[in-house]
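Think of it as A, B and C in the order they're written, each chain with its own count starting at 1.
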Amino acid sequence: MAELVFERVTKFYGPVIGINAVSCRLCGGIVGLLGANGAGKSTFMKLASGQLRPSLGEVRVAGRAATSAAARRRVGLSPDLHVFYEEMTGFQFVYAMARLHGYSRGEARQRTQRAIEAVGMSDRAGRRLAGASHGMRQRIKLAQAMVHDPELLLLDEPLSGIDPAGRREISLLLARWAGEGRTIVFSSHILAEVEQLADRILVLVRGRLVADGALAEVRGLLEDRPFVVALEAAEPRRLAACVAELPEVRSVEVQGETVLVRTRNPQRFFSWINELVVQEGLELRRMEMLDTGAEAVFSYLEAASA
Amino acid sequence: MRLLRAWQTLVWLSARRMLFSSSTLVVLLPVAISLLFVLHRNYGAWDDSARAFDRFSRFLVAGYLLFVIPICTLAYGTSSLGGDREDRTLLFLLVRPIPRALVLLGKFSASVPLALGLLLACFGGYCLLAGEVGRLAWNAYLPAVVLSTIAYLAVFHLFAVVFRHATTVALIYALFMELVLGHMPGIIKRVAISYYGRVLMYAGGEPWGVRAPPAQWFEPISATAATWALAGLTVASLAAALAVFQWREYRDLT
Amino acid sequence: MSIDVARYHGWHGKLGSPWWATLAMVRVALLQVFRRKAYWIVLGLGLTQFLLFWSVIYAVTQLNPPPQVRERILEAFGFSAETAAPQDSGYILFMQRQSLVVMILLAFSGSLLVGADFRLQTLPFYLSRRIDRMHYIAGKLLAVAVLVSLLTWVPALLLFIEYGMFTSSLTYWVENWRVPLAVLAYGLVLCVCLSLLLVALSAWLQRAAPIAVTWSSLFTFLALLAEYLREETGQQAWALLDPWRDMRYVGRMCFGVFTRQSQEALAPWALLVLGVLCGACLLLLVRRVRAVEVVE
C-alpha cells in the first residue's frame, strides 16, 4: 500500500501561497479533499502527482519523492481537465497510456479492456473522443488513471458531469478499489458525495489544512460549535422547559412543534433525554442531529478560519 | 526494459500524432510551391550547365535553406512539445513513469525523422527534377541540409520548452533573426543558423563554380568550423532544453 | 416566489444596432493582443522603421545638410528633393517596409483572434447574442484592420504631418494634399486584403503553427519565388504572384506614381488578382462560419 506523505509542505506561486505548511499522512481508504475555490485543492493534487515541487517541505509517495518516476509508477491521476488526444477513440487513448507505462502490447490491451469495463465504457470505447460527452470523458479519465493498477489514486472532481446512475456506479467502483487496499484521494465540491464516500476528510481553507480525520471526529473537535439537535414533540414548550434543566444543554429554542437544542455532548444528551421522556411522560415524535453533515462541518471550519 | 518500451511508445505516439496533424498538411504548401518552381525552371535542360548549377544553388540557398527548412522545422519543432502544451495534454505524459528528460528526447527523436524525411524528400525531389545538376547538388549540399535541419529542430524544441507561445517566438526567430540578422554585415550574422548552413553550401558548391558573396561582407568561416558550430548549437540547445524541462513547472496544464 | 418578488425584470431600454457589437469585438481583440509581451516586441520592431523615417525627415528639414547630402538622403528614403514635386514615394516605401513586421504580427494574431474561437468552440458565445455571422465577420475583420492600420497608414500619416510641421509654412501640406488621401486609399487596400486573408485562413487552420507556416509561405516564399521567376525569365507578370507587390502596385495606383512603366501596366492586373483573392477568402469565411449551428 503506497503511503502519501506531506511534511510541512508549502507552495509559493510568486508572492501567492498555494498551500501553507500542510502535513498529513494518507494510507489506505477513501480520502475526501474539501475546500472552496482557490483553497489549494488543485495545488495539493499537483504536488501529490509530482507535477509541482514544494517550495518548502517534502511530498513522498511510498517513501520516494513524488516527482520521481518511481513514485509516478504507483500513482494514477484523473485531472480536472477535459482534453485528450481528440483524434483517438477512448480505447486507443487508454491503451496508449498503458503502453506509456511500459507494458507489452498484449498486456496493455488486457489492462485497457479491464479498465474500460470497470468504468462501464465497454460499449462506447470505440467512439472517437472528439465527440464524447462530458460523462464519457470522466469515465475515460478514470480508466486511464487506473489502467496500471496504481496504489494511490488522485481524482480531481471525479463525479462532476456524470448522471446519477453513473455516480452510483463510480461510487461503488471507488469503494471497491479502496477495499482492494488502494488509497484514493478525491476532491469534490459536492459535500454530500464526500460525506457518502469518504472515510476521512481533509479540509483546506486558504491554503491551510484546517481539519484531518473522519467526519464525525472532525465535527466533535469543533468545541465552539455546539451540536444542534431537533426534537419534535406534541408539547414543545413543556419539553423545552424540561430539556433546559439538563446539564449539557447550552440553549433551547422553540420553533412551532420543533425544539432546537444546542449541546456540547450529544451522546450524554441522548441518554438523558431518553430518561427524561420516560420520567415526564412526554410524547417525542422525532429526534435528529442537524449539523453533523459535511456541509455544516465545512461551513463551520471556513467561518472559524476567516 | 519497461522504460525502453514506454519511451518507444512515446516516440511512436508523438511521431504518429505529428504526421497526421495539420502541420504536415500545411508544410506541404511551401514544398509543393517550390517543387513547381523547380519543375518550371527545368534546370536539367539548360545548355550552360555551370549557369544552371549556379542558379539552382541560388534557389537552394535563398529558397530552401532560408525558408523551407526553417518553416518546416518550425512546424514540427514547436508543435511536438508545444502542441501538447497548447492542448494541455502534456499532463498525461508528465504523470507517466518516464523521466522528463526522456520525454523531451522522445519528442525530439520523433520530430527528427519526420522533418528530415520530409525535407530530404523535398530536396531529393528538387534534385530529381533538376537532372544532372540536381545530382551534383545532392552530393554537394546534403550535409548542410541535414545539419541545419537538426539544428533548427533543437532550437525550436528549446523555444517550445521555454516559451508558452513558442510558435510566435520561433516565427520571429525564423523570419527576423535568420533573415535580417543573418544578412547583416559584421559577425552579428553568426547568431543565425542559416549562416553556417550557407557557409557549408557555398563550400560544397565551390568546386562547381558557385561563388559565395564577397568575403568582406559575408566573412565566411571554414566548412569544418561551420559543421562544428551547427553540431555544437544542436547539442547546446538540446542540453538547455533538457535542463529547463527537467526543472520547469507547467502550472497552466490544469 | 414570483419572478417580480425576486426583482428580476425584463429589459425596457432601447437596444442599439448589432453593428455596434463589432466595436466591442475590436476592443476585446486589441486588449487580447496588447496583453502579450511578444506583440509589444513586434510593435517595437515596427516602431524602429517609423523612428528612422521620422529622423530622416527631421534631419533634412531642420539640420540643413549640404544640398547634395540632403538630396541623397531623401532619394534613399523615396522622397523627392524638390519640395514642389510630388513627395509620395517615401510614404509608399515606408508602408512597404512595414510589411515584414505586419506579416509577423498578423501571423500570430490570426490564431489568437479568430482561430481560438473555432478551436475552443467559443463561437456560439458570439452567435447566441443579437449579432449574426455577418456582424461576427465584420468585427473580426475590423479588429485585424485596426492592427494593420496601427503599423501602416496611421504612422505614414503622422510622417506626413511631421514633414509639414517641420517646414516653416503650410506650403508642403497644400502642395501635397493628395498624399494623405493616397495614404488612406493604400491603407484601405492593405486593411481589406490582409484582414480578409487572415480571418479566412485562421478560421480554417485555427492553430498558430499552421497559420504561421501558411501565412509566411504566402507572403515571404511566394515573393521570393516571384522575384526569381521575374529575374530569370524577364517576364514582369510573375511579379503578380507576390501578394505584397500586388498591394503595392494598387497602392501606387492610388498615389498615381509609378517608378517603371511595367508597374503601371501590371497595376490593373494586380487589382484583379487581389479582387479574386479577397472574393475567395470571403466565400471561404462565410462557408466556415455558416457551419456553426446555434440554437436561438
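Heads up, the rule we're going with is that a contact is a pair of C-beta atoms (placed from the backbone, for glycine too) under 8 Å apart; a residue touches a chain by one contact, two chains touch by 3 or more.
Because the structure is a prediction, the values reported are computed rather than measured.
Interchain contacts link the chains end to end along an open line, per the touch definition above. Core chain by CA centroid proximity to the global CA centroid: B.
Work out the mean CA point of chain B and of chain C, and you get 30 Å between them.
Centroids built from CA atoms put chain C at 55 Å from chain A. One finds 50 Å separating the Cα centroids of chain A and chain B.
Those residues of chain B in touch with two or more other chains do not exist in this structure.
Listed in rising order, the residues of chain C touching chain B in the complex are 36, 38, 41-42, 45, 100, 103-104, 107-108, 111, 205-210, 212-214, 216-217, 220-222, 224-225, 228-229, 232.
The residues of chain A lying in touch with chain B in their complex are 13, 42, 46, 49-53, 69-70, 72-73, 75, 77, 79-81, 83-85, 87, 96-97, 99-104, 144, 156.
Those residues of chain B lying in contact with chain C across their complex are 22-23, 25-27, 29-30, 33-34, 37, 40-41, 55, 58-59, 62-63, 67-68, 71-72, 74-75, 78-79, 82-83, 86, 165, 167-169, 171-172, 174-176, 179-180.
Against chain A, the residues of chain B that register as touching in their complex are 1-6, 9-10, 13, 17, 20, 87-89, 91-99, 249-251, 253-254.
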